[in-house]
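Chains here go by letter, A, B, C, D and E, matching the order in which they are written, and residues are numbered from 1 within each.
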Amino acid sequence: MTEVVHPLPIVVVLVSLLAGLAIAALGERRQRLRTVLNLTAAVLKLGLVLWIALLVMDGVVPVFRFPLVPGFDLLLRADSLSILFASLSAVLWLVTTVYAIAYMEHYDNRARFFGFFSICVTATMGIAMAGNLLTFFVFYELLTLATWPLVVHTGSRAALRAGRTYLRFTLGGSALFLVGLIWLYALAGTQDFIAGGSLGLLELDAHASLRAIFVLIAIGMGVKAALVPLHAWLPTAMVAPAPVSALLHAVAVVKAGAFGLVRLVADVFGGGLTAELGLGLALAIAASFTIVYGSVLALGQSDLKRRLAYSTVSQVSYIALGIAIGGPIATVGGMVHLVHQGVMKITMFFCAGTFATLLGVTRIDELDGLARRLPWSAAAFSVAALGMIGLPPMAGFVSKWYLGAGAVAVGQTWVVAVLVASTLLNAAYFLPLVSRMWLRPAPDRWPGGSQPSAWVTAGMVVPALVTAGLTIAFGVLAGSTLSPLDWAIAIAREYVP
Amino acid sequence: MTTEALTLLVFAPLAGALVMVVAPRRAAAPIAVLSLLTLPPALVPLTRAVRAGELVQLPLAGFAAPLGIVWRVDALAVTMLLLSVAVVLLVSLHALASFPPERESGQRFWPLWLILVSSLHALFLSADLFNLYVTLELVTLAGVALIAVRGEPAAMRAAMRYLLLGLMASLFYLLATALLYGQTGTLDLYLVGERLEAGGLTAIAVALMATGLLLKAAIVPLHVWLPAAHGKAPGPVSAVLSALVVKAALYILIRLWFWGGGGQAGEHAALLLGVLGALAILYASAAAIAQRRLKMLVAYSTLAQLGYVMLLFPLASAGAYRAVVFHVVAHGIAKAAMFLAAANLLRALGSERLQRLAGAGSRHGLDVLAFALAGVSIMGLPPSGGFVAKWLLLAAAWQERGWAWVVVISVGSLLAAVYVFRVVSLAFAQPLREPERAASAGEEQGRAQLTSVAALLLAALAIVLGLASAPLIALIDQGLPPGMLR
Amino acid sequence: MTIGVLVDVLLALSLVGLSLQVVTGRALFRDLVLFILFGLLIALSWARLGAPDVALAEAAIGAGLTGALMLMAYRRLAAGGAADVSPARRRPLLALPVAALAGILVAIIGLSAQGVERVPDAAGTLVLQELSATGLGNPITGVLLVFRGLDTMLEMAVLLVALLGAWAVLGAAHPGRLHQVDRETPLVSALLTTVAPVTLLIATHLLLVGTDAPGGAFQAGAVLTGCGVLLVLTGTVRPRAAAGLLTKLLAIAGLAAFALIGVSALALGRAPMTLPGMWAVYLIETAMMLSIALTMTLLFARSRALGPEQR
Amino acid sequence: MTMGLADLIGATLLVLGCAFYGAGTVGLLRFPDVYNRLHALTKADNQGLLLVCAGLAVLSGSWGVTALLAVIWLLGLTAAAVSAHLIARHARHGPDPGVSAEEP
Amino acid sequence: MTSTTVYLLAASAVFGIGVYGLIVADHILRKLLALNMMGSAVFVFILTVAGVTPEGPDPLAQALVLTGIVIAVAATAFALALMVRMFQETGLTSLQGHDGDD
């Protein structure tokens, strides 16, 4: 893997930043130009990410270094792991942009919305390609700053309260993260990510402080990865418009946290050191607790989006669980779930948004007979729901399978029990939804919703179908090259030779 | 070349002010712009010389240190000059709109403004204790006059309180200068540093001078005058007061402490200054959160941010020095932007009570964005200059095993986040249904546009400072205080 | 305890007594008068300390001018109906210890500072040695104009800022007819005809003698201001609403002259603030005298400009 | 304590002068109303000033200083006379006629 | 007990009294009186601490005091102008009005 100084990483990051600034500057009136700008930026970014993917595939790692603070550079380094997350973000950003243009038809301040929307993706790209913890932190905070305006977009009292809780958690976490970062910097000096853990090479004996550093940084990541005690902001943030909760909870925010944990364990501490310090087990327990606790809470929710939110809380912890257990197979399981969960959850949020806009359906008991009225959306929702439960043809099954196999390979059999329990719980809170939609008779009058033009409905239904299609494709074609699974295996091969 | 540059820095704005007093009104605007535009080119040779590691010295009237006054430019002085020129140029852009030179208000404002700029530069160049007194006095008097320039009762009361306390502070400073002169026989800061030996007398002299300077820099127990003075002053004035004038006093304190032998006052004195700083950070941030008026909130934020500068004394390491100087620059730019944005919002909404800010985001987007960007730097979140300063300060505190300082810094920036987001979230809230003021006439519209652009440019500079921090840090490292190894 | 020290002790005691009276006094006007007396005694103590220049300046500026300004301000407040309320004792408890601490602190410093023997090459002694280079006889004028020219220039800037600030704060309020002295008696015009020219004479004398003996621009300026105050009080000159070009030019004369000559030194290839010759010293001193006189008179009359009395 | 003749005369003149000043001050304190006090002050103090100036002139022994002292004496006289006159007029006629308070 | 010590002690006392006056006084004019007295005290202090040269007190110190006196009178003059205008606008001659909530 030869490192080559290359402008591509910074170009990828800047594309959506410039697009965001341009869109915000355009103002409310020029709606058509904004849509064009939005879409071209999304397509351009997807192209660039694919270009980098090709480069990485034939062994070239583009690097962009920029002096930020004496002793710590802003380093953008596109290795295979970052491509996994970057490609996920690029694809889903394009799809979500289409959905958002349709969904936001009757909202105001759209210029501001799409401006921050693009900056949000810029931050995600930065996080994906961060080459060291400081760069990661810079974009991690930029993500908080860019997503907050989206959460409080409507400006209603509830939205502001949600924003306030969101900030309380994220900024609190970032303060601890920064202290941990400073401690690590004081202890081990500048630390660029090295596959297999940069700390491992230093044979540091200060185990106590290393543990403390890990806990501090893990809390910082855990806030966004919605590990249990730090997850409370996620359900309240459901007040935001649907594309925001879709992007935030499927791609940007939640995944950033999980991705951070992966980087922390894989690239900073390294699997070996993490296990040696007993942190792997601790993280695994926390993740497992989150999985179960999240699912139990999801059961109790009557509002559709809140149930999806709690399901996200539990699903994301699979990734943390995979990386915490260690071992190649579990790592593959964790990493591939990063993509699969993203695709599945975004479909469900798209459909939830469509139900709410077109039919005014927000509660679960209002879902009866929905399939008759919106067959395509219902189908997409069902595919994603079954995928989340982990039924074979869908992507969910693949990642759960690898997680289980990885756990057994490493001898952590109790993890299998957790997986089985969570699958049952998933079934418990998703199957009733599907059955209501398909089997129950439709009510004579739907609670509300507007009758938008054909274009708008298509703009909302088609993206959900695309992502549902991906869910199936990632499951069925898992074995082929270029699939997320294959990519995850290639990554794992780098980390655990 | 550097001699002309030094002369230009001080005498160009001074000449501008003098000519503007006598010149007809029509010529006022070009004079103001011309005298300010000569400043950046004057800085180029100085920065190049300092970056080349050379200490630029200019004995005025040809008489060397103990006898005459010497202008001395090292890395710290150049950094402060760069900050001063950057802030002054952009805030003057705002002042051109809010105080049009050809109008009566402009005629009163601009001469005082240019003299303030000239005296600030004279202060940063000088290394003579009594000359620092005279320049600081001139800066304070010009500041007070500018606060009261619009003649509003509340502003005049704040100006009076600032003047009285400023004069008392100067007397304490003079007492200390007399003592130092009595002991060392010279007024030149560097010679005083060499000749001063530790002793009871030195400690008392430093204590007296520190009291005076802390009063002028409004560090917490002596901060009574600042909130009203900066809160009630017109936009551009409060911006320069918070960004530069308050810093000048701290600049002198740093010069005295590290170059002038003040450090010999001992560990406990340094610790006391640090504790005062920590007190400032916590108390003022809490007070800022409790404020109900926008500009008062920003003024209390200044008090809090000044506390960080005081942490330099207990830490006293190269890392801490680099962090604090960077913080001074980052805060200067961000706070100037914040005050300009606050002033614009105040003028647009007619009242500065925070509730009236509701829904300002949609109609006054530019000003809210400027306030938010400046807020990002004040909170010390990446990618802003404030973040780099916070990072350097935390790293330095960690190096010196100052766990308490680490906690104070972290809590301080969290509190800052509370009051910044309190304002920004109001701007995002739904507007209260009340009639929007009629859009002002075209020409006024142009002026309002210029003021918003000025605020936004400063805010953007604060963010860019975060990314382009390396050259500035290299410049600061050029002139570490004596005896402070890298 | 020679007679001299006895006089000093008496003087010092009266100083402290007077300042106590001023601070704890009931009636504001009475305290003002005592303050002027305090100023005069301070001038006396300067004379006793062997600093004639400073004694002159203190008498003219410290006691005379400040006293006049304060009395006029008091008059404007009283005219406006400000109740001459006795100073409300708001925080005597806090203030007393603080004051005592300040006083004792300063005393300790002062006394211990006495102990420190004077550094041989102190700047002061250097001034005396280098004085011959400046062509000036009076070391103080040498320091003010040559060795530390920047201080004096910035000091003139302070004066200008005070004037500009006062003008800014003056606001649009139309300067009403000033409190003038009763003009019916011939004596006042007699006073004018004798005292006005004499003050001019004394001012120029002080200015010219300043280069070699006690005197100089500040003292001359203060005496000239005395004449200005006389003209204002007797109504010979009336406040004008707008400042004409001459007033503005005179107001900035001192600062402009010093700055111009200071910068022009560069053209001669010398360090800035170098005075090319004795003509420069006299030019600057005259300009400063005029500026001080005009500024102080305008501040006293609280108006933008002064013009001759129109019938 | 050899005192030349000039010193002796000078010293006596000074002492006499101070005595007159003393008398003036006693008059100021003791006399009942404004006019008497003005009377005492102007008369006694001016006489005292003359004697002190004469004493100093004798002690200094140079004509230059004597001329200066004479100017000082004259100015002292005019100042005392005019101010006493104005105070007396003020006391008799009440506040200055024709002076209006400054409009705010 | 040389004469300079006497004046030094007097100056210290006056300085202390000035600080007391500045803090306690309610009327701004009284504060200015106290400030001016403190100023004079500091100037006496400067001269006495600066020591003596064969030709009388230190000329540099005298020049500093001269500059100080002129600055003090300029600042006082401006403060008086500000006070009178404040009085005309608000009828107040003290700083005690609570600011910020009007």
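Criterion: contacts are C-beta pairs under 8 Å (C-beta built on N, C-alpha and C of every residue); 3 or more make two chains touch, one makes a residue touch a chain.
Since this is a predicted model, take the numbers as computed values, not measurements.
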* Structure fact -> chain B and chain D share contacts with C
* Asked: Which chains are shared contacts of chain A and chain E?
  -> B
* Asked: Which two chains have the most contacts between them?
  -> C-E
* Structure fact -> argmin over chains of |mean CA - global mean CA| returns B
* Structure fact -> At the largest C-alpha centroid distance from chain C we find chain A
* To do: Considering only mean CA positions as chain centres, point out the chain farthest from chain E.
  => A
* Asked: Distance-wise, how many Å sit between the C-alpha centres of chain B and chain E, to the nearest whole number?
  -> 27
* Structure fact -> Taking each chain's centre as the mean of its CA atoms, chain A sits from chain D at a distance in Å of 97
* Structure fact -> For the pair chain A and chain C, the C-alpha centroid-to-centroid distance in angstrom is 74
* Asked: If you average the Cα atoms of chain C and of chain D to get two centres, how far apart are those centres in Å?
  -> 25
* Asked: Counting only residues that touch at least 2 other chains, which ones in chain D make the list?
  -> 104
* Per-residue multi-chain contacts in chain E, two or more chains -> 15, 19, 32, 45, 49-51, 60-61, 64, 67, 71-72, 74-75, 78, 82-83, 85, 88
* Structure fact -> chain A touches at least 2 other chains through residues none
* Asked: Could you list each pair of chains that touch, in label order?
  -> A-B, B-C, B-E, C-D, C-E
* Would you pull the chain B residues touching chain C in the complex into a rising list? => 3-4, 6-7, 11, 14-15, 18, 21-22, 58-63, 66-69, 108-109, 111-112, 115, 118-119, 122, 126, 130-131, 134-135, 137-138, 141-142, 144-145, 148-149, 151, 156, 175, 179, 181-187, 195, 200-201, 204-205, 208
* Asked: Along chain C, where are the residues that touch chain D in the complex?
  -> 76, 79-80, 173-182, 185, 187-188, 190-191, 194-195, 198
* Structure fact -> In their shared complex, chain C is touched by residues of chain E numbered 1-21, 23-27, 29-30, 32-34, 36-37, 40-41, 43-45, 47-53, 55-67, 69-78, 80-85, 87-88, 91, 93, 96
* Which residues of chain B touch chain A in their complex? -> 322, 359, 361-362, 365, 376, 381-383, 387-388, 390-392, 394-395, 398-399, 406, 410, 413-414, 417, 421, 425, 428-430, 467, 469-470, 473, 477
* Structure fact -> Given the complex, residues on chain C that touch chain B span 105-106, 108-109, 112-113, 116, 118-124, 126-127, 130, 146-151, 154-155, 157-158, 160-162, 164-165, 167-169, 171, 245, 248-249, 251-252, 255-256, 259, 262-263, 265-266, 270-275
